Every structure is written in C-alpha cells, then in structure tokens.
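A, B, C, D and E label the chains in the order they appear, each numbered from 1.
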Amino acid sequence: GAVEMVSGTTGTVPPRDPADRTLRIIVTESEPYQEPTKIAQKLLAAQGWELKPTYVTDIIQPNQAVDEGAFDVNFFQHVAYLKQFNKDYDTSVVPLFYVYALPGGLYSDRHASIEDIPEGATVALPVDPSNNGRAILLLREAGLITLRREPESVIEVSQSLIAQNPRNLRLVELDQQALLNTRQDVDLGFLSLRNAAVLGLTREDALVFEDGESERPFRILVGTRPEFAGTEAARMLREAYQSAEVRQWFAGYQGGTLPLPWDADAEKDYAQV
Amino acid sequence: MAEFLDRLVEVGPELATSLWQTVLMLLIAIPIAVGLGTPLGIWLHTHGPRGLQHTPRIHRIVDAIVNVVRSFPFLILLIAIIPFTRFVVGTTIGTAAVIVPLTINAIPYFARFVEQNLGQLDPGVVEAARAMGATRGQIIRDVLLVDAKPAIVGSATIMTVSFISYSAMAGLVGGGGIGDFAIRYGYYRYELPLMVVAIVLMIALVAVVQTGGARWARALDKRR
Amino acid sequence: MITLRDVTTVFSTPTGPYTAVDGAHLEIPAGSIQGIIGFSGAGKSTLLRNINLLERPTSGQVVVGGTDLTELSVEELRRARHGIGMVFQNFNLVNNLTAAKNVELSLKFAGVAGTERRRRALEALAIVDLADKADSYPAALSGGQKQRVAIARALATEPAVLLCDEPTSAVDPRTTTSVLQYLADINRDLGITTVIVTHEMNVVRALADHVAVMEAGRIVERFALAELEAGTFTPATAIGAHLVADEIVLDRRRTPVGAGVTPGEEAHHG
Amino acid sequence: MAEFLDRLVEVGPELATSLWQTVLMLLIAIPIAVGLGTPLGIWLHTHGPRGLQHTPRIHRIVDAIVNVVRSFPFLILLIAIIPFTRFVVGTTIGTAAVIVPLTINAIPYFARFVEQNLGQLDPGVVEAARAMGATRGQIIRDVLLVDAKPAIVGSATIMTVSFISYSAMAGLVGGGGIGDFAIRYGYYRYELPLMVVAIVLMIALVAVVQTGGARWARALDKRR
Amino acid sequence: MITLRDVTTVFSTPTGPYTAVDGAHLEIPAGSIQGIIGFSGAGKSTLLRNINLLERPTSGQVVVGGTDLTELSVEELRRARHGIGMVFQNFNLVNNLTAAKNVELSLKFAGVAGTERRRRALEALAIVDLADKADSYPAALSGGQKQRVAIARALATEPAVLLCDEPTSAVDPRTTTSVLQYLADINRDLGITTVIVTHEMNVVRALADHVAVMEAGRIVERFALAELEAGTFTPATAIGAHLVADEIVLDRRRTPVGAGVTPGEEAHHG
C-alpha cells in the first residue's frame, strides 16, 4: 500500500494525539469542494468531531501543508497531480478516498467537430500544471498534434513535448476559470465537466472527452500523511464525505453530472496512473 | 430577490469574517510598512545623490535590495520567504501567514514613496537646519519629516487603497479577506450577487480610507 | 575673530564655471559689526554662506574663533555652527511649524531643554514684536513678519557670531530700527560678532563698525564707519561712491521708453 | 550545470518571448496610464478642495469612480471588463488582451499620484499665474505641470516598477510575460533554476527602470 | 481709475477671524503712481492683492478702469488681469523655468505670439540688467536677481495697471534707481497706473504722486507727494510721522539686553 511506497519528511511530524477530535483540512475554493466540506462538517459535529477547513486557491501549498503536518488532510487535487507532486517536491502525501471525479474535454463554440478546426486556430489550455497536460493529451487523441515520446505522466506533459502541429494551432495557456468568460475568443478550449456544466454543456457536447478509463487519473481525492490513513479520524472523515447527504448534494449540483467513484480504490489508482 | 437575501444571511458570517480579515491585514501590514518603509525611504533619500550624506557605494547596494524585493511577483515572494514566515508566525497558511509577505512587499514600496516625497521638499529649509548645526537625525525628524508629513500621509493613503485590492491575493494561501471572498464567489463559484456585495464593501472601505487619508493630509498641510 | 583668506567660490553652470566669490580677504575683529554692501549679484550672499561653510569655498581658508572651519570634520563643523546664527535672505522657515516652533528649532538644535525652549522662543518673538503671531503658521504671516521670525530664530540661541543676509529688507523703518537696536545691544553686551549683508546704506550707517564693498565677486573697498563719519574716507571706486551716496534721484523728463533703448544705457544711469 | 544550460538553451526562445511580452505590456500600458492618468489626476486636483476650481459635487462623483476602479481585485477587473477588452483588441486572451485591464487598473492609480504631486507644489506660483490672467489650462500646462514634472516622473517610475511584478498576473489569461514565466516554471513546474533566471531578468528590468527614472527626475528638477 | 470702496478682508484663523484690511477707501487717478506705506503686518500686501482680486475682499467694491471687478465672471476677471501686472513680495518664480522663460510666461498668458515672446522677454530682462542671466534657473540667481526677474515679468506685457509689492526690497540703490526710473518712464509715456507698496520712504519720495499710510488694516493717512515736498504736509498720526521721517537712529548706550525686557518697550521705541 501507499504507506510503504512513500518516504520523506514524515519522521519530523509529531504523531497525532489519538484523543484529538479536531480535523484540520485544507480545501480549494469552488462549490464542489466547499459545499461537501460544509456538509461533512455538520455530520462530524453531530458525532463530536470538529472539522476545521481552510480555503485556499493555490495548488502547491495544500500538499506542503499536509506533508509538514500543519493540516491533517487536503481536498483539492486529482490523482495524477498528487503523484507528480510527490515526485517533484519529495513529499509523501497519500490518497485517502475519492469525493468525485472531474473529467474534462475540448469544447468549441465555433466548430462542430474536430475536422472543422481550421488552420491556425486558437486553442486554450489550462495554465496550471495539474490540467495543462490533459488538454494536450486530448489534442493528441483528436489527432491534431503528435508528441515526441510517450509521457510517463500526464502532469509531465507540456507544450515542449509536442512534436508536430500540422494545423499550426496557436496554443494559449490561461487560468481554467478564465476560459468560462473568454471562450468566444478561442476555437477550442479545455473545460472540466463542472465548468462545462456551468455553461450548460454536457460531455456529449465536447469534441473530445476523457471518457472511461482516461477519466481515472482525474478523480478528486482527499489526501493525507501515511500515518493518518488508518486512523479512526480518517474513517469518520470518509463516512462524512461519502454520506447520503453529500450524494444528495451532488445529485442537485449541475444536474448531477459529476461522477462519484466512491467505491474505487484510490491507492490502487495512485499506483497505476 | 428573496432567494438572494436568504443566501446573504447564510454567508453573512463568512462575509463578516472576510471583511475582518482584510481589516486585520491592513491594521498590521500598513503600520509596519509605514513604520519600516519610512526610515528606509529616509535612508534612501539622505544617502542618495541629492541627500544630506551621499554615500554612493552603500546607497547602490540598499537601492538594489529595494529593487530586488519589489521585483518579485507576489506568489514567488510568498514562497521565497516561507521559512521567514514560519519563523515569525509559526505557520505558512492563513491570514497571519499571508500578512508577512504582504508586509514585506509593502515596505520597499512605501520606502520609494517616502524617498520621492522628501526629494520634493524645498532645499532651503534643510540649509537653514544645517546652518543651525542640526544633526542629521534632527534635520530628518524636525525639518524634513515635518514638511513631508502631508505628502507621506497622502502616499500612505495611496498605498493602503492599493493594498485593499492587492490583498485579494491572500486567498492563495488561505488568508481570506474580502477581495478573496469576491474572487471565490464571483470567479470560482459564479455567484455574482455575492461578488457584488463583496465589491461594494471593498469600495466602501476604499472610500473611507481615501477620503479620510485625503482629509488628514490636508489638515496637516499648513502652507495655505 | 573671523578671517577669510583668499576665499573663492566657483559654481558650475551649464554655460561653464561661474566665479561668485573671487579671492576674498577679510578680517572681522571679535565683537565688531561688519557690513557687506554691493550691487545685486556681487557675491554677498555667497560670501556670507562661505563663513559657515553652507557653501564650501572652492579654495581658501575660513577661520572662525581661531579654527579653520574647512578642516573640521562633519561633526565638529556641526557643533561650530551652534555658535553661528544665520538669517537667510529668503527666510527659509519650516512651513508646517508655527512661528514659535520655528524659533524653537534653533534652540532645540543648540541643545536647549524642551521646557526652556518655548519661553525663550516667545522672548525672541517679543523682541521682533511678534508675540501675538507665535502660533501662526508662515502662510498666515506677512512678508515682514516672516523675516522677523527668521531673525528671532537666529537670535534666540545668542550665538557668538551672527550672519545676517538682508535682515531688514522686508520690514518698515520702525521694525528695522528695533531689529538693529537689538543687534547693536547684543553686540555690545554679549560681544557677538556680526556680519550683515545689506543694500540699505542707512542700515550700515546705523550699525556697522567696518564696511566691505563687493563687486563681481571681489572685495573692492574696505573702510571703517568712523572714517566715513569723520569725513576722512573717500571711496576709491565708483561703486563705493555710488553705494555710500545711497541716493535715488529719478529723471522724470527723460526720453520716451521704447525702441532704441540699449540695456546698458537704460539700466546703468545711476 | 551542463544540464541546466541545456535546459536554458531549450527554453531560451520562450524566455525571450516572455521578456518581450513584459516589455510590450510596459510600453503600451505605462504611456497610456500616464497619458490618461495625468489629466485625470489634474482634474482631481483642480476640482478638489484645494484646487483652482473646486466643484464639490462633480468632484465627489469622479473621486468615487476612481475609488471604484481602484477597489477591484485584478482578477475581477479582468473579468468585469471583458466586453470592453474584446471591443478594444478583438480578443480577451493573450498579451494584447491583458494589457487592457492592466492599463485600466493603472490609470486611476497614476491619477492619484499626479493629484498628490500637484498638491505638494508651492501655492505661490499658481497665484502668480492667476494674477497674470492665465486660463486654467495655462496654469496647469505652463506652471503646475512644469514644476511637478520631476515628481510625476518619479511617480511614473514607482508605478512602472510595481507594474513589472504586478503584470505577472497576465498569466491568468494567457498574457505571458516574464513574471508569469517565473511562476509557471519556478512555482508550478518546480524548475527553480529557470525561475531564478526569470527573476534575475525582472530585477534587471526593475533596476533599469528605477535608475533611469530617478536620473531623469533629477535632471528635470532645477531647484538646486 | 482704481477705486476701492469700503474694502474689508477678514481671514479666518484658528483663533478666530482676523481683519487684515478694514474698510479701506482709496481713489487712484488713472496714470498716477500711488505709494502705500505702513508697518509690517499693517495689511499692505493684502490690500494690494485685493486690487486684482487675488484675495477677494470679504466686503467692499474694487473698481478698476470703470469695472467693478467683484462682479465679473471668472473668465472676465481673467481677461481683466491681463491689464494688471503684479510683482510679488516673495517673487513667486517658477523654479523649473529659466529667467527668460519666467518672463515669457506673462507674455504667453497675455496672448503674445511665440516668436515675439523671447525677444520681448530678453528686452524686459535687459531693462533690469539681467540679460546675461536669461538662461539661468531661479536657484542659480541671487536674491536681487530673482526680484528683478519678477519685475521684468510684470513689466513685459506693459499692463495698464501695475501692482508692486516691495519691488526693490532685495536690490541695491543702483538697481533700485534703474527699476524706479523705468517705472517712472512707463508711467509717463504709457500712462500706466502704478500702485507700489514699500517700506522705503526714499522709494516713495522718488516715485509716488500720492501716498497712503496703513495701520492695522486701516488707511490712516493720505497725502500728495507735492504737499510733502512743499512742506505743507504735517502727518496727522504718529505712524505717518514716523514713516515720513524714515530715520534709523540707534542708541548704542542703552541698558543691557536681558531679563525684564517687555516686548512693547523693546520693540516700539521708534
């Protein structure tokens, strides 16, 4: 399991007091993170646990903070990102369980199919490294570009890996969220399922989409330090996030479009992606 | 509308917290920036080309350090000083933690304001003070700062207003604040009405600071 | 007590070096009052500023009270200046301080304790008849009132040397009399050596012991007032004669103003 | 080391592009901010409480508008003016597009600088101009701006330096720039050596602007 | 040509209202030269500034050339000021402009074309004997030189009315003579009405047709110079007498300076 495969700075973090019934969680800001957290907070409170969330927008600090022991768990990232992060920063954050999955696709306001994408078209990629490579892999899947070699991880992929770009696509990198407002100005752009839903789009509207197996690396997990993984607290937390109440909330959120892979084994996915 | 009001009641406490976080950031960062930026600005002026005591070499070094700190994009400054932040506030996440880079950012910025304000003063009064055998410290305290006071208050006002919007970046590391609230609800969650409420609060805060600062500066200025 | 030896001050200007003071020699005995007169731009203010090294001469020696000021360290010079009061031609008051606070400034710099300062400042303001304006800021003072504050500021510390640059240029005869009387009094009672730059010959006549006449940076003439009064002094230069005469006689029936006026003619008919 | 140099050669063109993007942002945004912020600042000063022509009502309105624009966190300003940005540059992504919000942000900011600089001038020369029967325009152009010029150059220097680090936010909408380069490679991709290279370039840019601006301001100042 | 009717100017100060000009009446015939004398702080500068409404009187009328200036619109007042030159007590030069550019300013504001301006500015500077400093900035000018630039600036446009606040306070007798001669000349040749505030009685004697004496904001005495010269005028007030006498006589053997000096005694012995 995960506990054996990671090494790092965990030795320096003082162990959690088993009697401690507070949980510090660092969460990214956005509805599907914040609202389930609020629900979990209520549920845990009913059982005498206090869940103390801190909301951030950065994507580096949450792993650092958990790794250092400043927080018990974090909830902001998908599997692929965590894996690469641990490698780059020599941290040892492990996946605990999933909350939801966030596949994405390439969407267009202007063109109905990949074939219509013209010479010199503008393509928007997410600028953040957790999603940048996804969009590039989707471009390859659509046959618009080729890569110099097969990447080890989606996170490793960046524009510099592109070998051929026969249609001379102009790739621009921007904040994912900004694309919601700027999509009229691009021919093709990456949207996560959630952002697509905000615009009233479904997976079917995408010109290419991360369906089936390719969705796996992009499941959103709750991460923690290895020694926290087996604890009572971890179990309570999972129960709260994977509760009927949360399920119900997701059912009402953007037409219930986000998958909830609660039974999937996050550790196994982590090992495989 | 009723729906919006319900929502407002719901997030009310969070809104209040955010506002308080911003006020807290201001209350800590601005006094420190003024408190340390002013002597630094004085130093830059007095040791600079037209200062009381031009020391080209060391001035060049301090000037360069000020430039270096001012060069860093906020995000990178934030990361670069993490060890320092941890040393000072014991954590690197949250409001207290983000105040550290915000303050570090503001100090050399304000120093430039002060340097510039001192450079605008009439050289005649400094001459008079020199003729009276004032020490450098006395010239600075009793003459330069006295005449520059209105300008310094005006500059602090400009900085504080900048800071209110700039501090929205606190959200990166859980610092919260009203600007971050606006971004979270407006940009990440699409609850435009809540964003508008937050922005209106920011505007009100800016108006209070700007109007108060301008009045104060005028009251200090005895030249007419 | 004050000796200037071969003092020369050259300003660099966009059009080349400009010699404002040119090899000035001057001996001012301790306790005496030295007048400096000369046309506008002759170098009087610059020479005065040379005495306390506000303008460090390009070359030459400035000896005050036996010490060559040009050889002092910054700190020594600063202390030396506590003993040298100065009234500036353009007053140089601190705008954001009241009249009284402006006067207190010189006392503060000279090390007078805080409690004492206000009292002495008010005393000095009373001497220049400004007690009622003690709490006014310079912006609310008339030209003459500002000048009187500047005088009070210089006098308040009772310095051993007093440098005055046109100290009565902005005030009426009554105030002039009162200021000069005070200068005469402190000179006599406290032995303060005074250097006074002025373009008013009656100021010189009333106060000075010795007079130096400057022209184009040089000291061209030197005499004792006693000689002048005794009628034993005849100016050696046209400038000296002109200044000593101190007359304004206008020709009210001259040729009309307009074309053909050469500046030299127009301006130099005195 | 050799590895790093290889990498540097590899990203060299991108680095050069980033630097050029920042320079482009500066070359467009700063002149426009100065060009529009100066008249706005003049307006604020002349129509304000101590101005030539105090008009309390309309001054309050313009003052409020300036406050409003200055209140917006950059991210929200960027989104809020998207229709305007599209209207002006035809797109909302890329370097050209991000220059629009950067400029909009900088205009009222610079206006405050100018307002403050004009307030510091000696009221005597304005009186003299009034006595000479100067129009308001002439007083502004021939007297106020002439004496405020060194201060305005100094303020523009402070703003430009702020702008260099601030423009790192251009990355949000694909605007690029050297600050964004530093964040993408140094922060997100953890290539610290590349980040250091980018920061060094930013420091160099800041040093050139700061030193050049300070010299220019000194050269314009004829008071000593 | 200039009529002041019941002009009063009250300043609000932290300690309450202060009446600087108190019900002043004055008729200045067209083409005449009016002197205004008085002690420092009497209200002379304020009254002068009332004439071109730089300081708008709290009450009263200011009629210049038949027009009540207080009733003009901003724009009309501005135009009216083109005909009213002013020399300020503290010069008010633009620091970042050279002497010539400072003079050009008034010509520019009066609508003189660009090509013409430099020539006329240099002409005006030549009259005050400053042709060689045309391209110097104020910081490099002596006190008297600055004053002369201010005079040149006011004269350059050949205004119908000229207001001079101590225009020769910083200059020597030669320059004073030359400036006053010029004022007399343009007054005679162009009929320029001139109001001159001064504390130098010899300036009044040399130039003025009529003299007003101010004290504490009031015009307390008025006479024609002809009366004074004919010996038919006797001042009605002590102030008038004092100013007209214009003497500085110091008592060099008075009691020592120090404790017990009351301001009144000390300062008012003139």
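Simple rule for what comes next: a residue touches a chain if its C-beta (ideal position, glycine included) is under 8 Å from a C-beta of that chain, and two chains touch if they have at least 3 such contacts.
The chain lineup, named per UniProt: B, D = ABC transporter permease; C, E = ATP-binding cassette domain-containing protein.
All of these numbers come straight from a predicted model, not from anything done at the bench.
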Both-way neighbours, i.e. chains that touch subunit E and touch subunit A: D
Length of the shortest touching-chain route, subunit C through to subunit D: 2
Partner chains shared by subunit A and subunit C (touch criterion as defined above): B
Among all chain pairs, the one with the most C-beta contacts: C-E
Between subunit B and subunit E, centroid-to-centroid distance (C-alpha), Å: 48
Centroid spacing, where centroids are CA-atom means, of subunit A and subunit D in whole angstrom: 37
Subunit D and subunit E: spacing of chain centres that average the CA atoms, whole Å: 46
Euclidean distance of C-alpha centroids - subunit B vs subunit D, Å: 17
Residues of subunit C touching at least two other chains: 90
Per-residue overlap in subunit B, given as positions that touch at least 2 other chains: 75, 79, 122, 150, 183, 187, 221, 223-224
In subunit A, residues with contacts to at least two other chains: 60
Which chain pairs touch, all of them: A-B, A-D, B-C, B-D, C-E, D-E
Parts of subunit A lying in touch with subunit B, wherever the complex brings them together: 26, 29-31, 34, 54-58, 60-61, 64-65, 70-71, 177, 180, 198
Residues on subunit D engaged by subunit E in the complex (per definition of touch): 53, 122, 124-125, 127-135, 138, 142-143, 146-147, 149-150, 220-224
Touching residues on subunit B, where the partner in the complex is subunit A: 75, 79, 91-94, 171-174, 176, 180, 183-184, 187-190
Subunit B-touching residues of subunit C, taken from the complex the two chains share: 52, 54, 78-82, 84-86, 88, 90, 92-97, 105-106, 108-110, 137-139, 153, 157
Interfacial residue positions of subunit B with respect to subunit D in the complex: 48-50, 63-64, 67-68, 70-76, 79, 109, 112-113, 116-117, 119-120, 122-123, 150-151, 154-155, 158, 161-162, 164-166, 168, 179, 182-183, 186-187, 195, 199, 202-203, 205-207, 210-211, 217-218, 221, 223-224
